[in-house]
Amino acid sequence: MLLEARNVSKVFRARRASGTVHAVKDATLRARPGEFIAIVGESGSGKSTLARLLLDLIPLSSGTVELDGQPITRLRGSARRTYRRVVQAVLQDPAGSLNPRKRVERTIGEVIRLHGIARRPADVRAKVIEVLELVGMSPAQPFLDRFPHELSGGQRQRVLIARAISLNPQIIVADEAVSALDASVKAGVLRVMADLKDRLGVGYVFITHDLPLVKKVADYVYVMRSGEIVEEGPKDRIFSAPEHPYTQTLLAAAPVLSRPRHH
Amino acid sequence: MTTPTPKPDAVLGTDAPVVTPTEPIAALERKRDPERSNWRIFFEKPTTRVFIPVLVFFVLLSAFGPLFVGDPITAGFPKLLPPGSAEHVLGTDHLGRDFLARVINGGRVSLLVGFSVALLCMTIGLVVGGLAGYFGGIIDTVMVKVAEFFQVLPGIILALVIAALLGANVVFIVIILAITMWPSVARIVRAESMRVSQLGYVESAKAAGFRGLRIIASDVIPNVMPPVLVATTMTVGRAILIESGLSYLGIGDPSRPSWGALLNSAQSYMRDGWWLALFPGLCIVLVVLAVNMLGDALNDSFNPTVGRVK
Amino acid sequence: MSASQVAASPLLEVSGLNVVLPTGRRSEVEAVRHVDLVVRDGERVGIVGESGSGKSVTGRAIAGLLPTSPLVRVTGSIRFAGREMVGAPAEDWNAIRRERVGMIFQDPLTFLNPVMRVGRQVAESIPLSRVGGDRRAQLTAVHEFLAQAGLEKVEQVANSFPHELSGGMRQRVLIAIAIAKTPALILADEPTTALDATVQQRVLDTLDRTVADLGTAMILISHDLAVVAGMTDRVYVMYAGRIVEEGTTEQVLQDPQHRYTQALLQSVHSITEPDTELYSIPPSLRRELNAEADHAS
């Protein structure tokens, strides 16, 4: 399976008179199951917009996003449902990505029912419990009835991931999925993600501004700046021999624990 | 009561439940909130316990009362009688009609008008506002224009015209009031829908494959309900009051006077017939107060985030 | 008491601080338990801990910024230059915040007035005694502080509204506002967490330089060890409302004594070092740490 963005661009009309904002310019990207792709860049680089284009959450200005050769905007009926099932999203801001009025069981259960993964209430509940335990929330029972505000940041993030994997997706697009988490929780969530990749063959499109993280988990890296992909390549090459000056600047500016400071 | 320690989970251990995004708390709670459904919370509130009986009282009174009292319309001996007599508990009006009967029957009309209008406004408002807020674009523009048109309609003139053409009828009154009052509810729904539609969980729902109408019904509307509920309960009161104004202009079924109509005809007898204004007025105040307080309590109970410290 | 002992009365002394916060309709939590800490003039101190550790609540208690609901209970002692602040009236707290403590919080957008130009907000922070009513002197001072906070094109920035600036610039504005009052203490709570990784470093450098130049004391609160490591002399490690370890930053990071600190360091290293397995604190350890925090005096 291949999810591919080909020469995609997105132009927004700016709110104040002065014309347009080119959020994404002519970007090309490929994602496959089993592969961990990172899109790195600073705020305003267009990486989040690119993610949303991949997910068909906002309309393209030009170019195509194709799933196995089919443009996603032209998918209809069951083909479209399939796209929505095999490509899942875990978006930023855990505080806002869950409906505050829905309990965990319902939030996960309703997507299971939508895609027909299970239909009878007992089966749906069993599946919900299964995926919660898969992301490490075990025993899952006490979490079923909780509202989002009764969960910690790490738990909310894992509920989002659980919901995504309940559909057995092949690719998960994660936008700053771990940025807001503490070190230990971050490590735990990343371990879950890596585990899913190894065990279930899930592929990731991981959007982040956190370079040390990318160095740790990614296979392939796209570097974005001002809407353009300025460099791409296997992780090791990007980190050891970056070619584009912007990539070099990014790498140099990343904070490092061991750097001493004299004052 | 002993505190059950939050169960640790396999990967990340006992994570601290976060109270609000900006005010983190320690990993252990001294007392855990027992699991209470929202409805239980609602029914346990002191406000609810006071005002539900009030509302139920008036609803039952209006529904069944007329069966037990005399005729509110047939004139009797044209003399004002004060309340207190066995035959006329609330006295009589200037035409000798039993006032208790008039008040109870008046309640039927007022409550009918109030609740019907509010329900209609809420329904229309949710549909129009929800669609406008979620879809935006051309749908929003059209809906806004439609709402503006109806808002600008002069309700009273319209009522007069309809009354002249088709006769005054409670059903017409309800329809006219609903037509002119729904835009204010729709406006609130639209604003809240627009806000909610930007939120992460609506985006997540789209990415999960849900369709627009389903998202509006399942994610948007439930999260816009609090201000809508409050606006709807306000509408009950407003409708009752506007209806009484219409009665003053003579638009209203004279054979089925509402509390407002009773109030208006009490004006000429303020000095000698104080009870003619007191009882209908008191009823309006109590009903409107009860509905508003209950709306507030409902909002409070169903909002899972109430009670936290920012 | 000898002269040196009198002079050594610390800038900030917190003893036995306890804060109880409500968390729902009928529940509450002891967010801060029996915390003792000390900050001396010119000292830089870090408070590190995960979310829920109570570090932010401690910071707010020190600044007197906890919610004023009666359900919030603060006990213990907070002394500013010897003066007891727990239970002090609002005017005293206001005076302290106006003149002696500069605050830099995580989200500048909520801290800055969206309809007031940045320059004016900095100006309002300058104590009257410094520039009096002289508009020109005030403007010069504003530009100076903005420059000191690492901003360029200061006239343009001063004329802008907060939403017209980037995240990093907004944080620098907060720094400028904080230093404009020539405070004795700067309290920074997750000052760079909301920023891009690349911008974080630059803002931290600015903060570092500014504090060094002015010689103010600083409390830096963060969940990120890397942030605290380069910027502080001493550090307190918090878990479940308690301080579990304290010492010089170097010592605590090189040779942590408490199990939690060790586990935390291992987590952090597991994320940044390429060949180590990702490590998160296991539930068994958490259970023990929670029990310990619960039962300690």
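Which chain is which? They are A, B and C, in the order written, and residues in each are numbered from 1.
In this section, a contact is a pair of C-beta atoms (placed from the backbone, for glycine too) under 8 Å apart; a residue touches a chain by one contact, two chains touch by 3 or more.
Please read all numbers here as calculations on a predicted model, not as lab measurements.
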{"item": "Contact network partition after chain B is left out of the picture", "value": "one piece"}
{"item": "Chain whose average C-alpha position is farthest from chain A's own", "value": "B"}
{"item": "Distance from chain B to chain A - Cα centre to Cα centre, in angstrom", "value": "43"}
{"item": "CA centroid of chain A to CA centroid of chain C, Å", "value": "32"}
{"item": "Where chain B and chain C are represented by their mean Cα positions, the distance between them in whole Å", "value": "48"}
{"item": "Junction residues of chain A, two or more chains touched", "value": "152-153, 184-185, 188, 191"}
{"item": "Touching two or more other chains - residue numbers and ranges from chain B", "value": "9-13, 15-19, 308"}
{"item": "Multi-chain contact residues (two or more partners), chain C", "value": "50-52, 280-281"}
{"item": "Sites on chain A touched by chain C in the complex", "value": "42-44, 152-153, 182-188, 190-191, 194, 209-213, 215-216, 249-250, 253-261, 263"}
{"item": "Parts of chain A lying in touch with chain B, wherever the complex brings them together", "value": "55, 57, 80-81, 84-85, 88-89, 91-93, 95-101, 110-111, 114-115, 133, 135-139, 142, 145, 147, 149-155, 158, 160, 163, 184-185, 188-189, 191-192"}
{"item": "In the complex, chain B residues that touch chain A", "value": "7, 9-13, 15-21, 35, 199-201, 203-210, 218-219, 222-223, 302, 304-305, 308"}
{"item": "Residue ranges of chain C touching chain A (in the complex, touch as defined)", "value": "50-52, 166-167, 196-202, 204, 208, 212, 223-227, 229-231, 263-264, 267-272, 274, 278-281"}
